[in-house]
Structure formats: C-alpha cells, structure tokens
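You will see two complexes here that share subunit A, one where it goes with subunit B and one where it goes with subunit C.
Up next, the complex of A and B:
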C-alpha cells in the first residue's frame, strides 16, 4: 500500500494499533500518541486513566428513558454515547469483544439495565484474569436468565449454561464430553437471582408493569445446590461452580480457544467458530504466543493482548487492514472523526439504529454465538448503509471534527489553493493516517482535480474538501481495519 | 414555623402505573402539579421507541383517572422534550418544552390555547426551558437552563426581566432545573450541577445557597426540584442520591426519605388480573440483599425505593407527592 504523505512508519503503526484497540484516531490523538511512541502508546492502553466520557447525569437528564434503559434503542444508545465520547476506547473494544463471545440479548432478556450492567462488568474484568471473568459471568444475572440457569436445580438440572460455558465461552467443541456438561451443570445449581419466580415471569411476559423493571441481583441458593461428588474433566470432588472454572482455566484448550477469538477480533478475520473443530487456526504461532502469555501471567487476558501488540506479527504489513470493520467500529470511528456527541441529542438513536441496519444491533446479537464478523458484515445492502452513513457524517460541515480537518488543511496551505494530490494526502492523513492502494489514491486524485480550484478558506473550498472526505470514506480501504 | 420537633415524612400510599402506550398511568414522568381544585397533573416525557406515552395525565388523591391530553409531536399543543408544568392565573396550565424551546398554554378544559418562545440567548429567548413557577403577581418564572438564568414573563408571554449567569458563585447557575416560589414569596432554584439550592428575593436578589456535592446530610447529588410548605420546611428532590431531604427554613436537617412504595390501586388491579404474576409475586422480597451501593443501582433493584425522584408537589400543604421518572409513579407522604 502507498503511505500517505508526511506519515512515518511508526505513526502508521500507531494508527494501526489505535484502529485495532479503539475506533481509529483523529489527527490530534495520533500526534499525542506519536509523542509517546509505539511502545509508550501500548503502555497507555493498559494504564489509560479516566475515560471522561459523557457523564451519566447529563445523559439521564435529557434521555430519562436512559436512566432505566428498558427499551432497546435506549440501552444501545447509552453505550453509543460512551463509545463515541470516551478517552479510553480500548475498554469499549474489550467490552465489545466479550459481548460478542458471551452473547446475551435484549430480545429475550427485555431489560436494557441488566445488559448494560453486564457490559460494565466486561469493562472492569475484561482485561484481567480469565478466571475472575468467568466467575463474574457465571454470576451475572443477564447471563443466568439468558441461558436459563435459574431453572438449573439440584434435582432437575438444566444444561444450558453448563454446555455453553464449555462450548461457546471457554473451551470449544471437542474438548469435553457430554458427561462433563452434566457434571458442570450440577456444579452451577443454585446460581440464580433474587426473587427468581417473579423476575422470571415478568421477563417472559415482557412487561414493565406495574412500576417498571426491577434490575436483577445474583443470589446463591445453597438449598438448591447439588452438594454431591462430581467428576469433571478427569477430576473428582464436591465441586461448586468456581471449582469448575478453576479446572476449565488450567486446561490448555481454554487459552487456545480464547486466543483464537482474540485473533479474530484484534488481528485478522478467522474462520467462523463452527469450523474451528475441523480447521486449525490461521496463524498457530500467534495462538501459541497468546497461550504462553496466558499461563505465564495467571490467565491474564491483557497479557495475551500485550504480547500480540508487541509482536512483529501484529506490526507486519500483512496484518494491517486485514479485518473488515464491524458496523459498530465503522459508525463509532466515523463519529469520532466527524465530532460526535458533545451533548445529548436524538441523533444518538440514528447512530445506534445505523449499526442495526448494517447488521450489528448493540445488545442484541443474532444468536448465542454472537456475530460471525469478517466478510459476513458485507452485503449489497449493508455496503450502501455503511457508505451512506460515513459519507453523510463527513459531508456535515457543522461537525467540529470536519471543521477541524478543513482548518488543518488551511493551516498547511496558508496561501491560495491546495493542489489536488496534496489535498488527497492531507485528507488521508487527517482521517487517521489512512493508507490506500495506489489505484485508490489515483482515483481520489482524479476526483480532487476535477473539483477545480480548492481554497480551504472559502465556503466553496470547504465543501469541496468535505466531498473529498466523503469519497475517502466510501473507499474499500475505509471498510477495513 | 414549628421548632423543637423535627419534620418527618410518613408514607401513605403510591399512585402510578407504567403506561408505555398511554392510558391510565405514566411513562417516564418528569413533573407534577396540583390544580386549585385538587386535580393532580403528571407530565410524561416518555422515551425513544415508545413515544406513545408522551402527554399529560390527570388524576386525584383518591386515584381517580381523569384522562390524558397532548402527545408527541411539533404541532400546537404537542410535546417533544417536555420538562415542566405549572398552573398560572385562572388555572391555565403552562408547559415547557426544552427541544421546541417554547411554553405552551392549555385552558381549564385541557385544550390548547397558544404558545410562545424561540431558541437563543437573548432576552425573551430560550435554550432549554426546564422549570416553571408563578409568583404572587401572577408572573411566570422560567428556568432557562442552558443559558444558566431565570427569566420572568407575564402570563401572556411578554418578557419582563431575568437574573443569573453561568458559574458557581452567588446567584450563578450550572444547568439549573426546578424552581418554586415559597408561600412567603422567596424563590428557590435547584442549581443542578452545582449541587445546591439557591434562594432569591422576589426581585431576584441573591439570599443564600445551601448544599455541596456528596451524599451526606448537607449534601446533594444533582438536586432537581424543591418544594416549600407553609411552615417554611424545604423539601429537596436529591435526584442522583435517589432520596428526598427535608430542612427547616434555616437549613437545619430534618429527615431524609429513600422511598417505600407498595402497590397502589392501579398496580394492585393489574396484579390481580394476571394470575401468573400474582402467584409469583407472593414470594417477592422487595428488599433483596444487594452487592452494589451506588444509589442508582440500589434503586434499580429495589422496587419500593425512589428511582429518579425528579419532582415534588405539596398537596393541601400537608402531603408531599414525590414523582419518580424511572418507576412511573408518585409516592404520597404526610408531612408531620
């Protein structure tokens, strides 16, 4: 690929890192990280400081429904505000990652409140010990009701959660037996929620009546827990759920499974999960790198990712632009470039809805397996949605991010007009050091040249620059990450 | 005013019902007002995805239902982002809308009369009208919250004057919200993001400010509304602390209430009519053991507690109505 003018190799690498660990970067954000260097930027990712996102009080005052978020557009929009305004986007990217793997959906759970509590748990535990995360997940009310563990009783087990923690969440098919599923399920009996009968039936009836939803609270019911001896993955004892998690976490199949998910989310598109038992990983060395980091760091997910970000594999040209942007990545990244939401507005619902139209409804994954991702994101319809959304945002000259880009072009060319190729390179750079194929760059140049004179200090010039930005976000490369 | 014994709040009952599609009940209500004939008006802002609940409902202290009016939209008498209601001279109802930047008037039959207002920061313009109160001259005080000021108008919408500006000093505001005029004529403003209540003379001269950020007895977390009774006791909707605090006129702490709602008649009727929910509710413990301490989260999991107590109204000066946005109801307390 051709490197946009005035961008050094390290800056391009930092841009790559920020696309993968966040939603891309504005020029100012890139410059800030450039001062830290690539390694310093990694350090900051893992020691990020305060997120400084739009405060809850402000959101709740203007969107009273977002105090309770019982309605899908409201709950998704709470997260959309967070993603578009946070200064620590890596937290959100991790939350998205676990939301995709530990997929629960408002379609069944009805309550947005408990969904967002789960997302907050992903932020808090998502980069720490996988053991701690699995314990939190197993005690998470949204997950308990999503997989019916409230119906998992000592005298009558329900295997839903016991099966999925092994199959979908931690180990993958082929690494346990049907008997392990039963024993696992027995260990999680009694892991339920407070007021289970009433909460369960209100969820089934999908009703806010009489006084709105009551958010769920985890409760361990010792009277409904199977205290008998269990044999799980070759070990025998009176296991409770957390003992089962200990056994899961020390099994090598676990980090291999999680590493492959991490690879898919942070490195390159992998095969769909159902094919994993039959097809090996794309890059076994990358998987081994993460497995080693997992065992060397007490099952720490952050350590697995840090090993990736520091590796030559991650920095290689082959890894850059190797993934298709998920709809949320595209929408949030575009809004952060254009200047998103400084203050609550009904436009937030449009952004949240746009993700849905592109195939990724926040808090409503398509199945228990989450979203497949990769080329599944792309269809004729979704491409139109993606390009229209990004293009509309770039063409809005009232957005402060767009104004900032135009001002920056003006600063770089303080006198007279901007030459077409210089303009294209400036715009590519100011959109987060975007790199494009030579043919794409040539096409952009042809378009810019056809606009005639472009003086960034005039309204007409600003409109022309915005149109170049619109064309850039319509390119194939902008769809990649 | 009384001295010696502290003012307390004695829970009486609850009025409300979640009515996402309109009908008997409320949907994300944001303000409450009592008319001179004791009819109680509740303003529902509703939420995206279910805007049919937008409107003004009419009830009474005996849980009578007297219908609803207005709806979501931009036409005459409609609402987008409603914030406040207040009764003016001749019992006309005034409605503030912070998105449409206007004040709408309804007559005593709840019919649209007129509206005025436009966006801006000049005299007579609004950037988010969010609190309404009438002074004893019959003039309307409007909290123009994003302009950080209070404007005064005649009942017909003619601008008179304004006071306040953005800041944290005396007489300055940071996104103020609710406003009330005490029986003695003092103006109280919930200075929302400064976490305090400010008092002003009828002319708008600063008297004092009380409160600081926090969850202690002399602290607030985004107070949204104030009510003052005939004895001078002050009731504050401590919005993010999910409680109501009570003070005497010298700001001596009296009591704090966290809420204790039970099923009001509308709610009980619903439960009775749904056998499966009724059966399941028999084992319902409204105060489960929790693993959180943030007041918002605690309220989310505890049905009787206030959840987003946004507005207050006094009924016959001896009952306090506490309106809760997130639970679509108001709790009724006797002030004793």
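Up next, the complex of A and C:
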C-alpha cells in the first residue's frame, strides 16, 4: 500500500495498531493516541481504564427488547451494542478472538444468557495466563453443554471435550495420540453442571425458553470422577482436569498453536486451521517471538501480544492491511466511524443481522471449528452486503460521526469550495488515516471531480462529501484491516 | 417464447417449523383430537382431501394446485436422530449432513455441477438477505437479492447521477492492478462479479410483462421475482425463497392459517403467471420446513418436534401422497414427536438426479430411497 494521505508515519502506525486491537479509530481518537505516541498507546491498551458503555443492568431495565437473551439475535445484539460503544475495544477484540477459537454456539444451547456469560469470562481472563483461561473454559457451563461434558462419566467416557481441548483449543492435530484423548477425557469426568437431571428434563421439553431463567452453574461431582491412574503426554499420575491443563500448558506445542491463532487474528491471514498440521506457519520468527514471551511470562497471552505490537514485524508495511476484515470488524468499525449509538435501538439488531448475512452470526458459529476467516469471508453475496452496509452507514447525514467529518472538512477549507483531490485525501484521513492504492485514489478523485463544486457549508456539499465517504468504504482496501 | 428452457428448481423454505399435524390434518383421527385440545383444526374448518386427511383452512389456493394433480405430498419426512434446534435442523437440511457439521450446501454443490467454471454469476439466485447455507460452496457465485426492483451495489447513494458515477468509479477501482497481490485480485474479481450479477438481474423487471397480480406479502413477491428472472432467460437454474414466522409456540391456529394463505395464494399466482407465459413445464418447486412440531399442544401453540411434511409441485409432478403419515399412537411417538419415516436425502436425490440431471450421491453422501415424484424421469 502506498500512503495517500498526508499523515505522519507514527500516526499511520497508531491507526494500524488501533484497527488490529480494536475496530479502527475516528480522527479524534487518533489524535488522543498521537499525543501518547505509539508506545504510549500500547501501554494504554494494557491499562485501559473504564469501558464506559451502558451497563448491562441499565440495558435490562430500560431496553427489555435487548434483554431477551434466550434467542441469538438479542444476545448477539447485547454484545454488538457493547462493541460499538465501548471505550476499551481491545477487551472486545480479545473476546472475539477466543469466541472464534473456543467457538461455542447458541445453535445447540438455545439459551443466550450462558453465551454472554462465557464472553464475559473471555474479557476477564482472555489476556491473562492461558492456564487460568483453560481452567475457566473447562468449567464454563456453555462449553460443558456445547461439548457434552455433562455426559462424560467415570464408567462411560464421552470424548467430545477431551478431544477438542487438545485438537481445537490448545495444541492442534499431531501433538497427542488417541490414547491421550481418552486419558484426558477420563480426567475431566465429573466436571459437570449442577442439577443436571433437572436441566436435561428442561432441555427435552424444548420450548421458546427451554431452560427458563435458571442459570447453569458448574459443579465438580467427585462421585462421578475417575480417580484411577492416567498416562497423559508421557506423564503418569492420578490426574484431575487441572493437572491435565498443567501438562498441556507446559508443552511447547501449545504456545505454538495459540501463537499461530494470534498471528491469524492480529497480524496476517494464515491458512485455514485444518491445513496447519501439513503446512508450517507463514512467519516462524513471529511465532517464536510469541512462544518465548509465553514461557518468559508465566503463559501470559497479553505478554505474547505485547511482544508482537512492539516488534518491527508488526509495524512493517507487509503486515498492514494483511487481513480480510471479519464481518463483525467491518460492521462495528463502520458504525463507530459513523458515530456509534447513544442508546440501544432497533439499528443494533440490524447490525447484528448484517453480520449474520455476511457469514458471521455472533454467538452462533456453525460449528466448534469456528470461522475460517481470510478469503472465506468473501463471496459475491457477502460483497454486496458488505458494500451496501458500509455505504448506507456513511450516507446517513444525521449520524454524529458523519457530521463531525463534514465539519472538519469545512474547518480545513474555511472559504469556498474544496478541490477534489484535497477532499479525497481529507476523507481518507478523517476515516481513521486509511491508506489506499494509487489507482484507487485516482478512481476516488475521478468521482469527486465529477461532483462539480463542493462547498462543505451547503447541504448539497455535505451530501457530496458523504457520497465520497460512501465510495471509500466500498473500496477493496476497506475490506482489509 | 418457443425456446425450450432448461429445467429450474425453486425452493420455498418455511422457516421456524411448519406444524405438520395442522397442515395435513388427520382430522378424523380421535388421537389427533386427544392430542390437540387447544390447537386443533376443527371439522368445520378443515379442507377435506382424501384418506381421512385434510388441509389447513389457509390452503384453499393450494387445494386448487392439488386438484390439478400438480402437488406431491411427502409424508413423515425427516432424518435419523432429529435435532429440535431450528439452527441445527435447518443446517442439516441445508447441507444434507445429519451426522456431523456439513461444510457445503447441497444446492451450492449442485450449482457447481451445473456451471463448473462459475461463468454465469446468476446460475443461482436467492431472494432474501444473506446466503442460506444451502447455497454456500467455495467459489460458487450466488446472487442474493432483497428486492429485484432496487437490487445492486451502492443502493444507498442518494441521487441517480451520483450512483451512476459511483458505480463507474467502483468498476474502475475494482479492476485488479499490477502487483497488488492475490487478496486484492480476489476482492477485485468478486466485487466485479457482484456488479455483473446486479447488472444482469436488473434487466429482468424491465422485460417482465404479465396480467397476474401477486398478493402483497413477502413470499408472493419473492415468487414474482422468481418469475421475472425465469422469464428473462438469464440461465438461472436454482431459485431460493424463504417464508418466515412458522415458529408457532403461541397463537398457532391464527398464525399458521395466515402464513399458509400467503404461501398458497403466492404459489397460485406464480402458476397463473407461468401458464400465461407458457413456461410452467420447466419449473419444479420444493416446499420444506426444518421440522414438524410436537404432537401434544401446549395450550395455545406447539413446541419443536421432528417428522414433518414436504411438497414437490410442478407440471412434471405426479400429484398425490407419498410415503406414509406417521402413526399417532402414543407408543410409536419418539419423545412425543411423530417418527420420521422417509429420509429427506432421498427426495434431494430425486430432485438432483431426475430433475436437474446431476450426480446426487456425492452431494447427499450416499444412496437413499427415492420417491420418484415425476411423471417422466429425465436425464
């Protein structure tokens, strides 16, 4: 990519960092971070302060339609609202990261509330020790029901969770044997849901609210736990689930696997996960950097990411715009640029539905394998959805984010009209220091020039500026992050 | 319109779970009356058929198609170990894969067989938002149309002139440049394919002339869109439409009747339109839902069940009943639901092999018993 906008290098780097660790930044947000500098912005990511979004109890009290968390669109929308309004988007980006890997779906659970509880757990533990996170995950009621661990009994194991924690959540294919899966499953026997017989009756009597309002709780059932000796990854002992997690976490395959996922989510699109056992990582040095940080910092995920953000590799041109935006990134990023929401409205449901039309139904991944990402997001159907969603949002002159951009253009050109090239560059910059190919910039210029006189202080001029914004968010570059 | 057209398949998906018992009603069966205390189609309301069965009172227009022997009713359709989750069960129908999570849609794979190089970007057209998983397969272009009249890219541009200029700029900035990389090239090709699809499809309403008035409801209007695109002869072979709102946990009798009125009158108008244009013989319709509903009502509605009913409709169809109505004996129910007695993958095989002339086995994952609903098996 060639820099088109007249912005400094550090500002571009900060914009890159904020796209990857959040949902992009408005011009004002960028200025705030510019005052802190690139390194100061990293510091703030890890000490973020208050999220300042509307608290859940207020949403439940005043916006009951957002609180019917039994069904996916509503609970997905609760999260959507939070992502579009939070002051600490890194937390949400981390939650999205784990939601994609530990992909749990309302499709099977039917109840949305337990899913939101799981997402909250990701926010809380997602940047900490991977060991703590795996313990939380193994005791998470949504995960237990999703992978049937309530049916994993000492005299009759169910391998679903025991297999996936190794294959999909922590290590990847090729780093353990079928025997290890069985032993792992034995160790997780008794990790179940409190009052399971009652819960399964509720489950069979499937109605709109199959679990009523009873929240599921994790319970360890010592009577159903296999106390026998187990041999797992070469170690033998009377292991419980925690011991298995310790053995998983100290195995080098684990940080390698997690690092590759982090690479895929924060650095550049990787191959689809099923190909990983056969094809090495795109950038082995980047993986090693994260593996070292993992062992040097007590399995800390945040330390792995911090090492990435501080590296020259992350700041290089090759890393910028090296990922296809996931639908949630596109939708949330666009809404935040347009000014977000002051309170929960029907538009939140529309935004959640739009993500689903683009192939990413929040809290409802198709399977435990999550979303592939990368080019998989792009099809003729999804392109129409992506382009029209983003350009519709930019065309709404009542939105405060759009007004702010037009006001700023007006401030920059206090007298008369704006020249087309200056307008294109202003718009690219005000949309969060976006960079585009020279050909794209030329195309945008041709469009702006065809609009004739553009005076930002007239209604007609404002509409024309908005239409330039609409075209910018329809570009190929805007599909990338 | 003398030209012989290729055969097309139209899907009508009833999302939410159409209650089989109150759709094809065993109204003379005392076990039906016992199970359905609060949510019953009474003998004054039912539209009697034969075999002691009757139609939902919302289906009078549907009855006309039935009387023309155009409707095959497939009883007790489902799959082993039924899921009562809407999403999962719909996904099973979409991917024809009940035992694990399927990767590709059955129709997406059919489109790939029909047009392996993806040369026609409108071989499949979906009416609705987003892409049903049934149509999803890597590299297979599918046009997903909300409303044909205003379908396209950058529809939110305020003025017509601005939009024209923006589309022209779009076309320019999506044309892959030299050395911009594989991802940019792929985005460029896909974006231009989407633009091309929109350009092709927008001809259809302009070419369309008809005296038929379609009812003003979403499914009827979607079927009108199908007619417009089919008449325009754009090479579309698979059409997808969805009717929503069938999840009748409450107020079922009123809701389901209203929904069937919409679907039935929409289908009747569609057939009148096909006849007016002499383009009926090339069209077959599949009507399906992800599951039937619980045998015993919950007072005011019914909860999720399993075994259900599907319909195949068309001039080429031998009208009548296929498979059997599952037993209402309490002892023969499975967890309170009708037992399925015909695997939907067999019906898919009929449609793929004997209607579209494709290789079904790979798509449905094996050999399944067919029902042979067509007058003359083709291909």
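In this text, the second predicted complex is superposed on the first by the 462 of 481 C-alpha atoms of A that agree within 3 Å, B and C clash if a C-alpha of one lies under 4 Å from a C-alpha of the other, contacts with A are read in each partner's own complex, and residues count from 1 in each chain.
Rule of thumb we're sticking to: contacts are C-beta pairs under 8 Å (C-beta built on N, C-alpha and C of every residue); 3 or more make two chains touch, one makes a residue touch a chain.
Predicted model only: the values in this text are computed from it and were never measured.
By the document's definition of touching, of the two partners only subunit C reaches A:439; subunit B does not. When the two complexes are overlaid on their common chain A, residue A:395 makes contact with subunit C while staying clear of subunit B.
When the two complexes are overlaid on their common chain A, residue A:346 makes contact with subunit B while staying clear of subunit C.
Of the two partner chains placed around the shared chain by superposition, subunit B is the only one that A:219 touches, whereas subunit C remains out of contact.
Shared-chain residue A:375: touches subunit C; no touch with subunit B. Within the superposed three-chain model, A:259 lies out of touch with both subunit B and subunit C [touch as defined at top].
Greater residue coverage of subunit A by touch, when subunit B is weighed against subunit C, goes to C. With both structures placed on the common chain, the touch criterion links A:198 to subunit B but leaves subunit C unconnected. After overlaying the two complexes on the shared chain, residue contacts for A:113 are found with subunit B alone; subunit C is out of touch. Once the two complexes are laid over each other on the shared chain, residue contacts for A:450 go to subunit C alone; subunit B is not touched. Looking at subunit A, you'll find residues 72, 205, 207-208 touch subunit B in one structure and subunit C in the other. Residues 84-85, 87-88, 91, 101, 121, 126, 129-131, 133, 136, 138, 141-144, 152-159, 162, 165-166, 169-170, 172-174, 177, 180, 183-184, 186-188, 190-191, 193-194, 197-198, 247, 249, 298, 303-304, 335 of subunit C touch subunit A in their complex. Contact residues on subunit A toward subunit B in their complex (touch as defined above): 56-57, 60-68, 71-74, 77, 113, 117, 194-195, 197-198, 200-202, 205, 207-212, 214-219, 346, 349.
Subunit A meets subunit C in the complex at residues 72, 105-108, 110, 204-208, 269, 324, 353, 356-359, 364, 366-369, 375-376, 378-385, 387-388, 391-392, 395, 437, 439-440, 443-444, 446-447, 450-451, 463-464, 467, 470-471, 474-476, 479-480. By the touch rule above, subunit B contacts subunit A in their complex via residues 16-18, 20, 28, 30, 45-50, 81, 98, 175, 177, 192-193, 222, 240, 261, 263, 266-267, 270-271, 274, 276-277, 280-281, 283-285, 288-291, 296-297, 300-303, 307-308, 310, 325-329.
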